[in-house]
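Below you'll find a set of structures to go through.
Presented sequentially are two complexes of chain A, the first with chain B as partner and the second with chain C.
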Partner chain A sequence: MKSRGSFGRGLVYVLLFLIAVVFLAPIVIILINSLKGNFYISSSPFTFPTEETFVGFENFIKGFNQSDFMRSFANSAFITVASVVGIVLMTSMTAWYIVRIRNKFTRILYYLFVFSMVVPFQMVMYTMTYFAFEFRLNNPWGIVFIYLGFGAGLSVFMFSGFIKSIPREIEEAATIDGCGPVRTFFTIIFPILKPTAITVAILNAMWIWNDYLLPYLVLGSGENKTLPVAVQMALTGGYGNKDMGALMAMLVLAILPIIIFYLFCQKYIIRGVVAGAVKG
Partner chain B sequence: MYKTLKKYFPVFVIPTLAAFAISFAVPFVMGVYLSFTEFKIVSESNWVGLANYIRIFTTDETFLYSLWLTVKFTVVSVITVNIIAFSIALLLTKGLKGTNIFRTVFFVPNLIGGIVLGHIWSLIINGVLGYFGVDITYNPDYGFWGLVVLMNWQLIGYMMIIYIAGIQNIPDNLNEAAAIDGASHFQTLIHVTVPMVMPSVTICTFLTLTNSFKLFDQNLALNGKAPESSLLALDIYKTFYDHTGLKLAQWHGMGQAKAVVFFLLVALIAYVQLRATRQKEVEH
Partner chain C sequence: MATIRFSNVAKSFDNGKVTVIPDLSLEIADKEFVVLVGPSGCGKSTTLRMIAGLEDISSGELYINDKLVNNIPPKDRDIAMVFQSYALYPHMTVYKNMAFALKLKKTPKKEIEEKVMWAAKILDIEPYLNRKPRALSGGQRQRVALGRAMVRNPEVFLLDEPLSNLDAKLRTEMRAQITTLHRKLQTTFVYVTHDQTEAMTMADRIVVMEKGEIRQFDTPQKLYNEPADMFVAGFIGSPQMNFIDARIVSEKGKLKVVFSGCSFAVPKNKSAVLEKYIDKDIILGIRPEHFLSRDEGDVSDKCKMNVVAEISEMMGSETNIYFDLSGKRHIARIKTERKIGAGESTELFIDPETAYFFDKETTKNTFAVG
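This part shows the complex of A and B:
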């Protein structure tokens, strides 16, 4: 559709620009406040730092030191990477098995996985936490195992949908060449699954990196805490005077890695999120 | 080969199945059972029949309130998010140069986690209200509209992407035919664009619906200190964890009963969605 002349086009640009300002304003406000002195954040939150209020990176240094930011950042990074690798590997194998071996058991299994996507976390929150402690899963490796269980639903569902479209002849040719199931899967099937694997990885990474309640209940707020838990604690914890400057810096530091990641993998992220939406 | 594969069950299925059983399946079944009991800890429960369910619908002070609040919040969010997202998608599909950068910008809030998002808005909203000497806990309406603004900020970019894909899938000749027939821009929008993007409307409506209905992190970060602004998921959490003392077993039972009702409502939404999308497929 062609726009009505250059005036109409100009108007659309102005409109889009204004919307962009509204969308970015909250992030910019946090950013400018992270550069201001403690006192000025609460007294005048919406002004740019002046010579008087500007403190440089002081808040960031305080943020790093006070809230064991680095520690929880590292915890989050480890848990996210390990869980995503585990989920992609394990659920793609499971999906291949239940698509290719068709019997009553695999069919029930498939429907159980699909069913789990509908169940809200609050339904299993209390009992799951109990089992996590009973089975000694209340540590970073344990929570990777728990994420495999919670991520299985969507991931098995998405892999299964794609595997159904792969002709069996390809796999059968490999068998004639003497490949066992494990080698067939990793040399023939997994490379074909790559686009779906990227989608599954992105959806799970965004969920696990940002997840709050599950790691809070299972890992608690001690040395194993993840980044969202650290943020929540720092911003609500009532230890006397809150250091607003350090908190602002912490919010900036929590957002920054995601935005950098997004700028590099934008195409995959948007595609993955849309694919997940249409299927889920 | 599939005979050999069958023997590889322990390699291919057991790890996923074990994790699934321990973290989801068994807790789910236990959760349903415990909703009919009172329990201090999971392993010690007393059967009370339907008592928890009766309590949450009669004597409990927060459940029906937060259920109604959640319904109101969901309806308002679904309407505002979808109208704004669709309008922006229309602007971005006019074939103008450089619109990709806007698409990139509008999608950014969607990447930020609920906790961080909630705190960003808490600082901004309390910053504005601070000029009037109050904060977000002062009036439940502030908390409600704060959540609506936050939800719009987060979800519009996401829904916009789906609407853009839907609009771009409309065959060009439909728009051309409308133009030849002398249709105005508005007529083309109502009679061509909107009917053709109905599948996207269905997807976006249900995505906004479930996301709003299950909202937790944002609610905790933004209104954690305002009890009158707790949506259903947060109310369930508080029923479980914000109580101590003699009646703890009863609170846990009630929390679990609320969770079951919550699950049934979410399942109902999912079922209606499945029916709606199935029907669309038949029509095409």
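This part shows the complex of A and C:
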């Protein structure tokens, strides 16, 4: 029985390893190709750089110069940071209200937020784009507002789950100690929500930083364009001619911040997801 | 100095659909330790929460120190509350938990430190001041919760089942600590519990509640010796009082209580009241500890019953005997050196002086006040 168990476990490990390889392959391919010459990227995309194919940081410099990198990086950074801060603050307050004030209105509100999670973006993108232009939301501040809407569903759902596990008595103790609702939220509730807030922040940051379609539709390829749009635009020449080396280098630079952010905060993701399920 | 007065206070939920407290009038004296006790859902916690200001009052008036507080927010009522789940702020250290209310009041830092250290010393939690609540045991957390209340130096201490989450040994310890604390602080304590032992051991006076109404408000001794009705009689005392269907008869001008094939003469001091019950059914109340065994001295003038022990529990110095009388299970707690086995027949004696007589219709004690 024991040997069968360890054989089964071994098989699971092999399977998991294969899945991990499949998931990591695109990133590794981008990374190794970003260091190779353009010609070799097409002829042997899956080999590591050799003395002959290695071009150092040439692709990075080229891409940096061609793609208006700094400006779009700043745009992406502003949109991501502002949206994430907005989402975390607003949705945690909303979830607190929904959980603590139990009435018909809050119940409907909660189900609307949950429902918004299952509506595919493609279904609403045309009307959304139309309204974004109509209400002059086609700028970095406007898209932050739009992201707040799209990010609210999952975030409210996650915060609500966690807030339900916070004993109400803690808030009552704060009331007796002299806190009003605003102070109770910011000095008592929000610090308790920290693990969930970090999880919500990570999930939203990854999505917003990497998002291509929404910024492309709303901000277009003008001066407000975000990094994914900028990389795609700048490095696409006429007649489908692409500078693959520079493209790979830019992709590495584009995903680097979010990977660093993720690695920095990843321990909180697991903690945040579990925290809602088990009473703290 | 703090008195609390409820004047015809009512509390209902869901726009008056559910009434928890129909009409409550109660006066708690200054420096008194009052325990609100009753079964779950009797309204004791709601009453406490109304004092705290955590629940609105549907109608009536609530006074603290003769000041109407119906519309005064909790923070301005000069109260402190200790919750069942401790309700400590999990992200703050013990020190910060205790200092929080004072900090909000903009108390000088030095004064905060003095007060926190004073409370920590009394409660013996000085070594834990820099720890977070999750690194403390249940008893330590409860002491921190008490400390948090103490530093505010409130007029009224409100405690909502503070010992329910602790194990039996710790509960006994904390019980003594809270009683000592009350003596030291000399403030009004209002304490909610469903545990009658806590109520009996700690209170100056006990409010026994049922369905939002006060059944009796008196000292522990009075509640035990002179319960107002069957509810109070059954609630106070452990194991609970036995209620036996009986009848009052008059034989040759003397009153007798007849029940389950046994009878005894009504004590002289109780004859006058029970006269109006001649040939009527009453409920006879006998506390388990008032049954006697043959080993407990002279029982010649006591009423003898022969019962079959269904279950016998040796409790050390005493033995609990469960027996059946007219289809109802009763319990006697007797002192005997003999081991009584299940199914064994044994003699029990009742001292008529210790018997209670309840009106069968109203369930009121026939001797109770009023």
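Everything that follows uses one rule, which is that the second predicted complex is superposed on the first by the 191 of 280 C-alpha atoms of A that agree within 3 Å, B and C clash if a C-alpha of one lies under 4 Å from a C-alpha of the other, contacts with A are read in each partner's own complex, and residues count from 1 in each chain.
Keep this in mind: a residue touches a chain if its C-beta (ideal position, glycine included) is under 8 Å from a C-beta of that chain, and two chains touch if they have at least 3 such contacts.
All figures in this text were calculated on a predicted structure; none of them were measured in a lab.
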item	value
Touching partner for A:124 - first (chain B), second (chain C), both, neither	first
Touching partner for A:172 - first (chain B), second (chain C), both, neither	both
First, second, both or neither for A:107, with chain B first and chain C second	neither
Comparison of chain B and chain C by chain A residues contacted	B
Touching partner for A:232 - first (chain B), second (chain C), both, neither	first
A:192 touches, of chain B and chain C: first, second, both or neither?	second
Partner chain(s) touched by A:24 [first = chain B, second = chain C, both, neither]	first
Partner chain(s) touched by A:164 [first = chain B, second = chain C, both, neither]	neither
Intersection of chain A interface sets (partners chain B, chain C)	172, 175
Complex interface listing, chain A residues touching chain B	1-3, 9, 12-13, 15-16, 19-20, 23-24, 26-27, 29-30, 33, 42, 45-46, 90-91, 93-94, 96-98, 100-101, 109, 112-113, 116, 118-128, 130-132, 135, 137, 145-146, 148-150, 152-153, 156, 171-172, 175, 180-182, 184-185, 206, 209-213, 228, 231-232, 235-236, 247-248, 251, 254-255, 258-259, 262, 266, 269-270, 273-274, 277-278
Contacting residues of chain B [partner chain A, same complex]	1-2, 4-6, 8-9, 11-13, 15-17, 19-28, 30-31, 34, 41-43, 88, 91-96, 99, 102, 104-116, 119-124, 127, 130, 153, 157-158, 161-162, 165, 175, 185, 188, 203, 207, 214, 216-217, 220-221, 224-225, 233, 236-237, 240, 252, 255-256, 259-260, 262-263, 266-267, 270
Parts of chain C lying in touch with chain A, wherever the complex brings them together	52-54, 73-75, 79-81, 83-85, 87-91, 100-101, 104-105, 148, 152
Residues on chain A engaged by chain C in the complex (per definition of touch)	167, 169-170, 172-179, 183, 188, 191-192, 194, 280
